[in-house]
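Have a look at this one before I ask anything.
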Amino acid sequence: MKKLTKTMIAFVVVMTMLVSMCTVFASAAEEEGTFKIGGIGPLTGAAAIYGNAAMNGVQIAVDEINALGGIQFEFNPQDDTGVAETSVNAYNALKDWGVQAIVGTVTTAPCISVSAEAYSDRIFMLTPSASSTDVIADKDNMYQVCFTDPNQGIASADYMAENYPDAQIAVIYKNDDAYSQGIRDTFVSEAQAKELTVVYEGTFTEDTQTDFSVQVAAAQDAGADMVFLPIYYTPASVILTQANAIGYEPTFFGVDGMDGILSVENFDASLAEGVMLLTPFSADAEDERTQNFVKTYNDLYGETPNQFAADGYDAMYTIYQALQEAGCTADMSAEEICEALIGVMPTITVDGLTGQGMTWSDTGEVSKAPMAVVIKDGVYVLPETAEE
Amino acid sequence: MVFFTYLISGISLGSVYAIIALGYTMVYGIAKMLNFAHGDVIMVGGYVCYIALNSLGLPAVLAVLLSMLACTVLGVVIEGLAYRPLRQAGSLAVLITAIGVSYFLQNAAQLIWGATPKNFISVVHFNLPAGLMRLGLSSEALITVLVCIIIMAVLTAFVNHSKLGKAMRACSEDKGAAQLMGINVNRTISMTFAIGSALAAIAGVLLCSSYPVLQPTTGSMPGIKAFTAAVFGGIGSIPGAFIGGLLLGIIESLAKAYISTTLANSIVFAVLIVILLVKPTGLLGKYAPEKV
Amino acid sequence: MKNLKKTTKVDLATYIGVTVAFLIMYALQTGGHLTSSISGQLVPICCFIVMAVSLNLVVGISGELSLGHAGFMSVGAFGGIIAAQSLAETIPSTPLRLVVALAVGALCAVVVGFVVGVPVLRLRGDYLAIVTLAFGQIIKDLINCLLVGYDSHGLHIMFNISGLKSINDLHLEETGKAIIKGAQGAVGVTKISSFPAGFILVMLTLVIVLNLIRSRTGRAIMAIRDNRIAAESVGLNITKYKLMAFVISAALAGAAGALYGLNYGSLVASRFDFNTSILVLVYVVLGGLGNIWGSIIATVVLYMLPEALRQFSDYRMLVYAIVLILVMLATNNDQLKALLGKIIPHRKEAAGNE
């Protein structure tokens, strides 16, 4: 008992020292005339890929803007491991740092928690990728760069109704994920309205996302010739591989989470041949800006950016443009900046990587055109050109 | 017809669980510890094989051997640095340390190889006749089942008949007595970790060959499932781990197909609970007097 | 003070220590001297202290390894959220609503604890551990299927087993409110938890657990832990005592869950997975099995550690893992302990004090 007590005391002393050291570090030096932009996203853990991509995208934008002269930014990305509680902790750490506006949170559930805090603290938030409508609901300080889930579900169903009215559709989605469930819900109700035939629906969860052979076999058994995958590209790549293994070749249809499938290192692109997806961003787009972005990203991080990175990049440019529009200066408080940005956000138009002429409603929802593309010979092409 | 497809997919999934469970059960039987880092050793095995194949351009066999070597070294180092100092401590302290090791491996892997998933190209390079393919049987699954049976047979023979195997059984029975009989307990346990980790490497390669996404968290869920499988069959029993793994895979697959994809995992766990209530030491727990 | 029993002194010191710590922190917080980072961690720390102390009751006092403690937290959290959200108009007073929510959370967890405990406690050792793990996973999956909404007709609850239903299938009225949207979890939760409420819950937990340990019942539970057969032969009802410890622990975890759930705007069931159970177990083991104030300190330190390591950015969780391993080695290895003992001077221990 005594021995243990002593060890505990020693342990506590060491930890306290450590913690106090850390707090000293945390209050780092400030620079004059620089906006402090915070970022929140999962930088470690199972969702790290999304958080890292988005934060890298923001960092590239910050570097570019700082190189222009004029408004200067300091960017501080914080890890939330994809958990709401840690996300709020990260948010509080940013507040201590003196954050003036936040790009984040990358994932949906944490974003809802953080935006509730930011709403009462009056700090402006722009999420690159948290796509649920609950994220922006009843919060005037919260804006999105990505489409909302219903928007994607409806757009997908409409596209299919227009181009493949007789398709036998199977849906495979991840039902412990807000993003996937959200798109599926609106897709299915819109599909009913448009009289599309859904012959099979299969689900999976975080714990069962390594094996899809049952869902794929069941979709084949149900006679589906179109498989809708409102999921991220990692499980999607497994589904494609496993469908190929049993010789099942329907048309796969994805949404923006599918973007990135071609950049999975070592992925056999021939498996993705003929996959259709609705995405606002394509790393193969030929405009100069996208190509520059892809090149810089590749040079810095050694991989092809996905849509999260592009959303992060656009989010930063949006804040930049909005700050200019509102005439904000770096010595303004987070609250003043928040009110000023809320004032200008519905009025600005931003040309980004994920859409030309993006505008926002005062609820925080973005309006931009999703683009349907088909994968052909390992690159995205427009459906019309793929026919030839 | 489609039932067979589901059954086969269950068997292929189950055989991967079984290989992982074999490693779990070996270590548990002898060191009497739940090695929660086992799943992460599997992940490391997958990465080493991936690097060997893609960056070093080694042929598949060499890559698998290299990966086994790396994991063996890793297993022995982990055992020596993190577990051996705790041999006298309570089993919970070791459990927590194992969890620390698991966190460490996952985060180290993310720093080294990045969070972006890598697509693992199967090490199995032959095709089955089209008829079998249509049934849902893949060459990876076939190899996994075969490898699993071979490993089980070799392990059983090794544990029952070799000198080291006898030492392992003795350690499992009673460490103190084994030491008194002149058995080097520390070395025996090290060897167990070496074998368990080499098995983990094979499991990692086969897991990634069948389910080709490789990322730092790849090993954790299969690790937990395999742990469940080992308990299911009677932890410490080698044939038990094999049967437990297969059954787990089949139940999971059929539950997904016929009951609910959402609750497939829960159904697996519910069956486990029922089995344990009826047979509190798992399926083969009692029938294996020579627990290893 | 001299003639008090040693255990009583330790208990008193624990109560006083916690109260003093609370008063200091509360004064600092209301005075605005705390960083937002620390003041944001106060409520979750309280929740996890309750979790750790209650798990210590099962693992340390009753001697059963449970790997599914987060499951009870989850049940309590969602139960509490449903209660708090649906009673928002009926009970306008926030503190009262919080109390009701905590009670509902605890009650839900008691029911589940009972259902889980009766079969589970027949098993022993690692088999018991794996079954609690299994129950934790099942609870998570079931909550992922839960659809709950509220409108003027009262609560609407639907179980989405097939995975094909959504919140729209509840057919809520226009004014209705969705409370739990299946896997998307609880959204739009009104934050009503507060640090004083957390403190009261911690104190309540301590009173319950410490009194239980020091009572006849507690001695019976510990006797069963130390030697099941001997305890049975002197006529102790093993099932009853084990179940009692298990259900009380579940109830406290449920209350902690409710407090936790009502501290954030959103909550998903996957937050309470296997890793969270393990996290709490780490607090308990590091604080010392059966050592209540050890659990408290370990929780505070280990909860704050990942936050304090933020400036290591990418290396944060790696450093956390290393610290965890080193601390386990330092506190459990005899040689290292002896080394530490040399650094910190020994006091002669009276015989029988152990």
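Letters are used for the chains, namely A, B and C, taken in the order the chains are written, and counting of residues starts over at 1 for each.
The rule we apply is simple: a contact is a pair of C-beta atoms (placed from the backbone, for glycine too) under 8 Å apart; a residue touches a chain by one contact, two chains touch by 3 or more.
Since the model is a prediction, treat every value here as computed from it, not as a measurement.
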{"item": "Chain hops separating chain B from chain A, counting only touching neighbours", "value": "1"}
{"item": "By count of C-beta pairs in contact, the leading pair of chains", "value": "A-C"}
{"item": "Distance from chain B to chain A - Cα centre to Cα centre, in angstrom", "value": "34"}
{"item": "Chain centre separation in whole Å, for chain C relative to chain B (CA means)", "value": "31"}
{"item": "Junction residues of chain C, two or more chains touched", "value": "137, 141, 144, 163, 314, 317, 331"}
{"item": "Residues of chain B touching at least two other chains", "value": "107, 261-262, 265"}
{"item": "Residues of chain A whose C-beta touches two or more other chains", "value": "44-45, 175, 203, 205-207"}
{"item": "Residues of chain B defined as touching chain A within the complex", "value": "2, 5-6, 9, 12-13, 50, 54, 107, 110, 114-121, 130, 133-134, 136, 138, 207, 210-213, 215-218, 221-222, 252-253, 256-257, 261-262, 264-265"}
{"item": "Footprint of chain A on chain C - complex, ascending", "value": "35-37, 39-41, 44, 137, 141, 144, 163-164, 166-168, 181-185, 187-188, 191, 260, 264-271, 287-288, 291, 294, 297-298, 301, 304-311, 313-314, 316-317, 327, 330-331, 337, 340-341, 343-344, 347, 349, 353-354"}
{"item": "List of chain A residues in touch with chain C within their complex", "value": "1-4, 6-12, 15, 18-19, 22-23, 25-26, 43-45, 77-79, 81, 83-86, 88-93, 95-96, 108-110, 112-117, 132, 134, 137-138, 175-178, 181-182, 185, 188-189, 201, 203, 205-207"}
{"item": "Residues on chain A engaged by chain B in the complex (per definition of touch)", "value": "44-46, 48-49, 52, 175, 202-208, 210-211, 213-215, 217-218, 221, 234-235, 237-238, 241, 245-247, 263-268, 303"}
{"item": "Touch list for chain B against partner chain C, complex", "value": "28, 34, 82, 85-86, 88-90, 92-93, 95-97, 99-101, 103-104, 107-108, 111, 224, 227-228, 231, 235, 260-263, 265-266, 269-270, 272-273, 276-277, 280-282"}
